[in-house]
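What follows is a set of notes on a single structure, which appears directly below.
Chain lettering (A, B, C, D, E and F) follows the sequence in which the chains are written, and residue indices restart at 1 in each chain.
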Amino acid sequence: MLTDLDLDSLWEYRSSYIRPDDFDSFWDATLAEARSLELKVEAVPVDTPLQTLDVYDVTFSGFGGDRIRAWLRTPRGASGLPAVVQYHGYGSNRGTAVENLTWASSGFAHLQVEVRDQRGGAGFMTRGIADRDTYFYRRVFTDCVRAVDAVRELGSPQVAVIGNSQGGGVALAVAGLVPDLAAVHTQAPFLCDFRRALNVCGRLPYTELTTYIAENRRSDIFPTLSYFDGVGFAARAVAPAWFSIGLMDDIVPPSTVFGAYHAYAGPRQIQVWEHSAHEAGGSDDLDIALDAFRSRLLEMP
Amino acid sequence: MLTDLDLDSLWEYRSSYIRPDDFDSFWDATLAEARSLELKVEAVPVDTPLQTLDVYDVTFSGFGGDRIRAWLRTPRGASGLPAVVQYHGYGSNRGTAVENLTWASSGFAHLQVEVRDQRGGAGFMTRGIADRDTYFYRRVFTDCVRAVDAVRELGSPQVAVIGNSQGGGVALAVAGLVPDLAAVHTQAPFLCDFRRALNVCGRLPYTELTTYIAENRRSDIFPTLSYFDGVGFAARAVAPAWFSIGLMDDIVPPSTVFGAYHAYAGPRQIQVWEHSAHEAGGSDDLDIALDAFRSRLLEMP
Amino acid sequence: MLTDLDLDSLWEYRSSYIRPDDFDSFWDATLAEARSLELKVEAVPVDTPLQTLDVYDVTFSGFGGDRIRAWLRTPRGASGLPAVVQYHGYGSNRGTAVENLTWASSGFAHLQVEVRDQRGGAGFMTRGIADRDTYFYRRVFTDCVRAVDAVRELGSPQVAVIGNSQGGGVALAVAGLVPDLAAVHTQAPFLCDFRRALNVCGRLPYTELTTYIAENRRSDIFPTLSYFDGVGFAARAVAPAWFSIGLMDDIVPPSTVFGAYHAYAGPRQIQVWEHSAHEAGGSDDLDIALDAFRSRLLEMP
Amino acid sequence: MLTDLDLDSLWEYRSSYIRPDDFDSFWDATLAEARSLELKVEAVPVDTPLQTLDVYDVTFSGFGGDRIRAWLRTPRGASGLPAVVQYHGYGSNRGTAVENLTWASSGFAHLQVEVRDQRGGAGFMTRGIADRDTYFYRRVFTDCVRAVDAVRELGSPQVAVIGNSQGGGVALAVAGLVPDLAAVHTQAPFLCDFRRALNVCGRLPYTELTTYIAENRRSDIFPTLSYFDGVGFAARAVAPAWFSIGLMDDIVPPSTVFGAYHAYAGPRQIQVWEHSAHEAGGSDDLDIALDAFRSRLLEMP
Amino acid sequence: MLTDLDLDSLWEYRSSYIRPDDFDSFWDATLAEARSLELKVEAVPVDTPLQTLDVYDVTFSGFGGDRIRAWLRTPRGASGLPAVVQYHGYGSNRGTAVENLTWASSGFAHLQVEVRDQRGGAGFMTRGIADRDTYFYRRVFTDCVRAVDAVRELGSPQVAVIGNSQGGGVALAVAGLVPDLAAVHTQAPFLCDFRRALNVCGRLPYTELTTYIAENRRSDIFPTLSYFDGVGFAARAVAPAWFSIGLMDDIVPPSTVFGAYHAYAGPRQIQVWEHSAHEAGGSDDLDIALDAFRSRLLEMP
Amino acid sequence: MLTDLDLDSLWEYRSSYIRPDDFDSFWDATLAEARSLELKVEAVPVDTPLQTLDVYDVTFSGFGGDRIRAWLRTPRGASGLPAVVQYHGYGSNRGTAVENLTWASSGFAHLQVEVRDQRGGAGFMTRGIADRDTYFYRRVFTDCVRAVDAVRELGSPQVAVIGNSQGGGVALAVAGLVPDLAAVHTQAPFLCDFRRALNVCGRLPYTELTTYIAENRRSDIFPTLSYFDGVGFAARAVAPAWFSIGLMDDIVPPSTVFGAYHAYAGPRQIQVWEHSAHEAGGSDDLDIALDAFRSRLLEMP
């Protein structure tokens, strides 16, 4: 069953989110501070059974200089390829070295970033939420911007970003923070349109926020969240973007995705899967991303 | 709680279902093909402890000549009585010979039909759905039309049909396919207004369709379903019909029943049970059907 | 999945229930008091569409002289037939006049008793539980014994009792309180082996008792319950009995039924449905009861 | 997630409840009858470890002369203080003598009333519902009015009432039945706007009513309920009232509380907790009540 | 929490399954019949974005000559490589051409077989269960044996099989039916030790069988199932096998996997994940399989 | 229903937990380090409506010098009273100043400590779990030991500790770490016998650990947990202790509490509530604690 507005209403829906006046300066300062630290990219070859690809265990300095981890996969012996930087879902991780080979096998440098502290666990939605400066996602989004810096330092000038759920929200944030991305694919993006999300979503992880407000009887987390809302980042983004959402998604409400979509400042399209839940188009979305990124990154002169 | 629109809105609601141009020809051809096969009705007396009724184990040839089973119950020694043909719910069966005696005890020939392959089990909603010709319910509806043929061959010229849930959907289909029925009673009919049903219903068996679309990422099952939608059959029906629905039904959404009701071409009425779930009016609906069928079939000259 | 012990263990299991010393005197006094009131059986013919059966709306005085209701169904015009007295499940009722026709159609006088106050509703398990004299089931069991008295007064000297779930528990109680029944059929009987039941069952209605103890932090309801436990009644019963239970029943734990079965003092057998839940053998149990009661009540000289 | 209308719609919502013409006379007669019986207030000092407070086990005669129990707590040695009469939630009880000390420690005489028959248990919503005269809440509301009479007899001329959930519903009823209360605080009040409640609420205890209607296929309980609806009492109330509700309450729908709020005839305000469930503002609501009652009862000349 | 026996008990547990005397002849005849039909392997190159691998859309004739589909993936331009044949979980499918690239990227010919009729859907556990000859898994297991024949025909003499859940059960069956496999990896294998499985498992898909028995009140499906039980196939297998199971698996009970493990006739080892559910070791199991298969198939002289 | 072993088995059960050899030295060093920092207790009077009690907002330096918060409540104007230090449940907080007045009203200095970071939120079970030095509960237990130091510094030489659930686990830890407590009351203590807990408990918060292990496929968290297990602390404790547990607790398994109980080195008793869930004896446990603490702390010369 539909978990949110019907399709006609989604096309009409606009988020009530308002970007704080100092949104830009907050992020400018945040990124400037992070970039004032040396990136120190390391890429250690990993011994895997793979014969067609090279895999590197990459580390680099993210927010506060904390070391962030990622896998870099490339076709064996290749370098200087256009890169796809991928972000994962909530509570997940970068997986093992030998999984998730489609992008590298298709001729991309593929950087699979691991969100700090997230190998399992819970409670990230409210960590440090008392202040925008201490909020967990300030660290994460900064880390993920630095991942783009890192993959460029590793030799890929052209970069696209991709992610699903939390990873989709991260991809939107990076799209709003990095001005010269080649393309963006965001599947069922989390972390958009928070007020709406809490009103219509009754499942984890959004309910970590709901529970927090209820237990503390304070809704003054919205000022903090206003600096981390995908709708705000969308309005700053310029790279062409592909959105995807299932209308039976009960983890990421479709209206919140449309909220970001309608605000998206760059070229945009959205693939609607009317009968899908949070998986959206699954591997069909991957096909769409492959097509989009190949024509943008591999086939252009 | 209400599971769908409130009552005022249900009276306003109209289904967006559109009957395919060749709906009639599809069914004409289907029934013609079925009727080109010999019906071969067999009625074997069953040895039961019942002293007031006779029970026969009936078989006849349905779609493709497959043998379909039913119980025929009559008052002891009676013949030529008006018939009530009954269809059962999803995954159920015709029950045992000695149950469900109300109709026969009330002076009717009572044919309780068993849906093919449905003694338990699941997955019928998508069986053969790739093509209208192979779809499971093409077989079922044809079988159930032939059940009417069979009971007439057994000596009952006047026939009413009745069913609840899947059986109610079947009854509507038969009402649309057999022009000279005496009456129809359909309680919480399933298999109506599929697009709406999938949008508002989150429970089995409708979700067999939802899951199928999501897993295959294709919504091209609606063309197939358009030949099996109760709204389409309703528009062809002429017999007087009694509908029944509970407004707290979470298995068959009330709007889908009103979709069929508003499209029903014959005389119609609908009994609304505001606080009932899928059981609708339960035995009170049986009382209504008894009154209706007796005045139509037993008491008319 | 199994909800309790496996079958081998069930054959070994014995209830730890201990019958109070004054169990017999409590019930002797209770029934004597009830029988000191006039039974005042009334049987008003009901106007139904049934042509093969007569139905009467019966009332009689139960515990405390309260009027208890039942349907009596007989083959049209018959009288003096052996009777089957039936008790229904928790929160249910006697149904409508025109349902449940198998027993009367099979040549029995069929008395379908309605448990006082139970047309829907909840909370009966703890009503009046503070004292054995005020406990709800003292009233109910007495009413149901008087139902046997009533059907005899209506002309049926031979009486069998039957019930499922709560009705099965009532049937066991009546079997322990009325010495000259012809037969007993009890399907998934509730109200047996209370201590065990509360330890292994996590669903309503047994959890009404669990919740009550937890909220009041007192387990002194077991002395009251010890006068109403099916294991205690079983040990007094002499009529041949047929038990039935599903090993996947999560409403009535199989061990509690075996607890009563092993204690049953009369001839006994038990039908085990290894993969059934609370429905046990459903209509197959009805077939077994029909066979048993016919050979005991109809076919014996 | 929101469980009912959004906040803007709640401000617009008005209940469709219509007060019966004889609502006033029904309650006038009911209270007159109750007050024709002697109140017989008893207050027995309880031996507790508390050194700063006195606790009394209070009993008095409620509806039909039945003895009702309450705790009275006062600052040690004090008398003649303004009183706060508190009513508890569904199926709960007055707790122990040494809990819930805030009101007495703050300088009030605090009467914690226990709803008759409710130490655990269920099914109260439908008990006696066949007739307004026999309905359970006729007894309860009368008892609770008599509790105000009792605390006055014990020396507190000024009385405020407070309660959450069922207790909030009771407080509203008492506010409608006792003309000279000093203040009312009602948190997530149950027992308001029944028709709406049943349409939007799918959880116990409101579903005890829904199930009852469905099982009996009769909706003629609304005439009875119309004499016990908080919306009706609100329209008679004159004392200043503080309401509180969580917009994610799935036990007491927010619209039903707004239904009562908008109908409230006295001075009123409502505290909305947008992200709270049935706990509403929890202890923050207590702070609000303390402030309100202190300025109304303690600090006024 | 543990869903079945603890680890010590699992090492002691032995299945009560008894292989029918004609198990071997049944399968000999079944395979002989299937192999009497021409295999007609077709491998059509697929146009994908992959630059390091070739993908072929393979079809071949399975049971009854029905066409079965699979993806064949190989390192670009390679042939004659050792093969890994993979079977998927219940209701899933072979995925898209560009996913699941680990095996081919590691130097194997990778055949990903699609189970007939399973792109979504349900009810497969009972399809055709009335007779061993018509049972759905007779078709599936035969198809999957023919997949090994097909990959050999495509140039891979050495073949290992792998699968998880249903795929793990299929891998065990193929291990019992194909005598010269190089290795087997089975993760949380379904379709083993059916009697035990139904007793301890309360989740789909095993409950399709439980429900079927309960609804039909017949347990005579076990004779059919005895020809399809992984415990029976294990006892015929000779290839070295790696098992994996999570002790908190509530879909495939650990004891049923140990039942097959203890019966396994070839060299065997089992990886136990004490705190995992049905995902068992996830990608860590893949690492184990990669190590095992590489040393067996790629690195041996 | 019982959620764990039956009572007889609980009396026999012993935990398999083994205390690490350097358990004592780890905690000696931890506490020494904490105590090397100045405690800096501050107690600011709070303006409340309470007339019988004084409330202070207390802060002191816990682990790493972080400021920890607590309420201190005393009878108005009193000082030097024996103290009860209370710890709260998982994800909860110290509440408001005007709640939870029983201890102070009974003549104790009552220090209600707030666990760091826990005003709502989740994920604490795995925070910092990679190393015993960084584990969240190393901080918490140290904070809570320092709370005893703080209340002593505030003038209460005699100290008892109390807590339920997480608070009960903290109370046990403090009992093992502070040698001269007067008494301990621990209700349904969490954080005991971790291996057993994960095997038998399927609910949050224990499943935060289970999920973490499963997602990371590593069970090497048990070495860390072995320094934080209530069974280990119990073996070091000397103060008289009162335990309480409900046998239907599905959040804290009864066997884990008995594991700690049997290991407890000081005088001990345990109150078993056979039909209670996680609430155990609720306010009846409070009565027990009041009795115990009064006779130990208030009434002894």
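The working rule: a residue touches a chain if its C-beta (ideal position, glycine included) is under 8 Å from a C-beta of that chain, and two chains touch if they have at least 3 such contacts.
Predicted, not measured: the structure shown is a model, and the values here were computed from it.
In terms of the stated touch criterion, the partners common to chain E and chain F are A, C, listed by label. On a Cα centroid basis, the chain most remote from chain D in this structure is E. With respect to chain F, maximal separation of chain centres occurs for B (centres as means of Cα atoms). Averaged C-alpha coordinates put the centre of chain C at 50 Å from the centre of chain F. Centre-to-centre spacing of chain B and chain F amounts to 63 Å, using the average Cα coordinate of each chain. Centroids of chain A and chain E (each the mean of its C-alpha atoms) stand 36 Å apart. Residues of chain B in contact with two or more other chains: 214, 284. If you sketch which chains touch which, the pattern fits none of the simple shapes: not an open path, not a single ring, not a star, and not all-to-all. The chain pairs satisfying the stated touch condition come to A-B, A-D, A-E, A-F, B-C, B-D, B-E, C-D, C-E, C-F, D-F, E-F. Partner chain C is touched in their complex by these residues of chain E: 198-202, 210, 213-214, 217, 219. By the touch criterion given at the top, residues 48-53, 75-76, 95-96, 98-99, 101-102, 104-107, 283-284, 286-287, 290-291, 294 of chain E touch chain A in their complex. Listed in rising order, the residues of chain A touching chain F in the complex are 91-93, 119-124, 126-127, 208, 211-212, 214-216. Looking at the complex, you find that chain F touches chain C at residues 1-2, 6, 246, 248, 273-277, 279, 281-282, 284.
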